[in-house]
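Order of writing sets the chain letters: A, B, C and D. Residues in each chain are counted from 1.
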């Protein structure tokens, strides 16, 4: 594995614990002989640090690793911004493990040290691109690591839409909305909505209806290269909202078309060698623990 | 069974088919010797009809039966308005059967005729009352036949709340929202959200979380006389919305308390003698039809 | 509350920890001045104890409280045997709390002491009775605290049946089987099969299909006094099995009829005053713990 | 597309309708100038037919297309037997469409005629291989088109097992059993058990627990080349059963290991050009039909 020489440092600096971890990391990396580039908001929040600072684009262009300190959400944001560059990301979490951030502050020296020595593995994750079209013209485009959600944007209101996959008509549906999720997002919102867990290595998308009217509808898993097309019913009384990774991006109108597909640019996560995806599942979804509902023993 | 002598006529008169059915019904009832009171919007929409007209309150005070023409939604609205009076309701649907409206236009003479001769059964349905409290004071009150829904009112946003039932702490939860449903509402929104079907005769409420963060949460069915209390987390970044029967009624604030309990006044549905609740389920939920997924036959 | 003077002691004596707890309890109760009657298997396993011994029927006839040491399954068995007598049950669990057994060995003196002083509450729980009929004649009868399950009894085989509730036809179904559960059983097998949680105070039954062919089928909750009738399809290629509380009781035949209804005799659980049903749910279903899937924070 | 010149004919000849369709097909194919080879059970059941007959192996070795008349189950059986040969399969259903058999008897001449003229598409489907190991040695091996199921084989009994995917430990679980399904099987048993629909083109497996004890367990979708390993708990009181496509193949013992992976040989389905996978979903899962639960309209 390639050794990292130039490392960008990002993080949710509004949190004191994150600032502490970044301060610790900067010193550790510098002492290790690696050059550190602080994202400018990090440099502003931590003026005592000596390393150079720069924009996130500079990190993308000049660094060969970006270390992101915060929760999974912080890493999602960094991944969306850095995906156009060919720079891998390493997540350091606060408090407890995440699905994307698998180093705890207490293990920073040990784990990051090993990674700097070339002991790591790379995992490719793709992003989704959502395009909103009106009258056949794209009027908005956005990207997501986890999921694209189209919903009514209003309390207790349904929307009507038609779903097409690779130009095949799938169904017309009345529901609170629809989630299109990547494997990365399959343990996030889509999971609460009844979707399956998809291993990150799987090249697939899942389409999960939200509270569908038709009770026999089920999540549909398709090849990662599929084109998802959602035609918003012309008679919808509301303006559906289009979200990427939980952030409202566009207000759609009846008759609009939403297209979702894999982005050309993917990103890479750096994991310690001992990383195990299912360990994160067990930890975060409480699988490890038996319920001991000993109802039928005698 | 008591014979009905004075009948109020209501309906969704924006629809031509409803107007036709009401016209037909008015003549049929008058010829049968029953006195008809047209709800005033009905009288306005159908000036050719001879019967007297009056407000919905007059119907509640002076009639001994209200016939409602339209879908289940039309009957829900009438039930909320007429529940304070002791008047039973009979639903006549358009096109296809509903859960609440079980007479089709083609059977009006036969079925309504039988009912006028005293051949019917009465079924009691209760309503829910939702009270919104701020700083310990009620600041809003509303009622629902189907369900009370508290949600974020925004696209892809969670709310945090604590649930108490009869003053026992149940859990704190992060979710899109929470549904409290009556048996009548158990085949509506709560069903799409994973709640069980509850027979209308059951004296119970069901609490159904919407896309809960904690995957082991399940719908909870409690006695109909239970007090449901939802404490909206003080740190919620959004103003949750409180809906009754799918109509936004109140915008709540972090720290507010929502209480839901059975209303003192219930209402009665009139059914033809051959009415069968499960037939409506089979018809509307497509139970009757086997899927014949003959995957393992040889 | 009545004070208990004569206490029967039962338990799963195959376990060393249970024997220790029983030994401890016997001494504690005797010192408290209460008369103890050891169930005969307990007396056999613990010959050093001085108290009198007797059959479980003697406990039912002469004691005013039965203390059951073991898991929920042990208490289920005792409840089935003692329900015909009017004797309340108190469950002492091993290791961790149960849904039915809410005293831990470490709290025996404190909690049982309080109960002996009259500080307790009583909770009524009902039992189910299952009757198997062939050619119109009952050929077997059994009872259950949790649930009655009719299934194919074979790996990967479906059965066909018709469901009737209070003599109303509900549906014909092809499924692995069908669960009829009491509120007590709603946190056991029925919960794994997708049924709702039903508060023990609720007077209701739930019918939960097991892997039904028709995807729009849902659990149905009905009044506790309902009669459930399952007509086993005459063309079933297998002999379905009828279980009560997880113990195979009867092998049914195609064309047989299974009836399930509430038993006339119920039983009472004794709880410490601080008992809270939802605390057991939180503990056993891991509700208390937030997953902190912070996917959308920034 | 290649033109088919030598066609094998198979079917569930116990059914009169199947025999009629085969008789019709044989005449149609012969008149079309194609050589027909009747599977020997077909020839026995229909002695009036003139075409040659042979074993299923002969069909696999000498024909360039196998036409299977019956339901999806008939096609599953033929696929398992013919997968070792490189012969595509075409399914003709009885009565209604299947997921695998998409030509109805009434359209035989039109659709099969088009296919004979080269107007068709081929779709690759893979099979699963299940190996049962005891003390590290394989003691049984079988294959499945739809799914491999390991369950207790008994009424209302759980089994305990550990799941490993690509040698990563996933979880230990107590459940009725576990389903490993291909995309082809995702609309069969796995769907009833809560699994997602997987498009046949997707190269993936899904692992679906059956009534798991841990409520937060979810179906897991993994790459089609994954190795699934199930270690049967050494303390299981029952002998779990291992099924392939719903047929009991092996009785396992506590401590045994079950391995499931994709088979080296896949098979091909022939579809008419107008074939659409989602149309079969809509038809068989009743998606096309809106429920019109018009609960909130006014």
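Rule of thumb we're sticking to: a contact is a pair of C-beta atoms (placed from the backbone, for glycine too) under 8 Å apart; a residue touches a chain by one contact, two chains touch by 3 or more.
Computed from a predicted structure; not experimentally measured.
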{"item": "Fewest hops from subunit B to subunit C - one hop per pair of touching chains", "value": "1"}
{"item": "Chain copies touching (subunit C, subunit D) - same or different residues, decided at half shared", "value": "same"}
{"item": "Farthest chain relative to subunit B (centres taken as mean CA coordinates)", "value": "D"}
{"item": "Of A-C and A-B, pair with higher C-beta contact tally", "value": "A-C"}
{"item": "Mean-CA-position distance for subunit D and subunit A (Å)", "value": "35"}
{"item": "Centre-to-centre distance between subunit B and subunit A (centres being mean Cα positions), rounded to whole Å", "value": "40"}
{"item": "Inter-centroid spacing, subunit C versus subunit A (mean Cα positions, whole Å)", "value": "44"}
{"item": "Junction residues of subunit A - those touching two or more other chains", "value": "156, 189, 191, 213-216, 218, 246-247, 285-286, 289, 291, 293, 296"}
{"item": "Chain-level touch network, classified as line, ring, star, complete or other", "value": "complete"}
{"item": "Subunit B partner contacts - residues on subunit C that touch it in the complex", "value": "156, 165, 168-174, 186, 191, 195-199, 201-204, 206, 213-223, 226, 276-279, 281-282, 285-291, 293, 296"}
{"item": "Footprint of subunit B on subunit D - complex, ascending", "value": "12, 71-74, 76-77, 95-96, 98-99, 146, 185, 187-189, 214-216, 218, 245-247, 284-286, 289, 291-298"}
{"item": "Interface residues, subunit A side, partner subunit B - complex", "value": "149, 151-157, 175-177, 189, 191-194, 210-213, 215-216, 241, 243, 246-248, 285-286"}
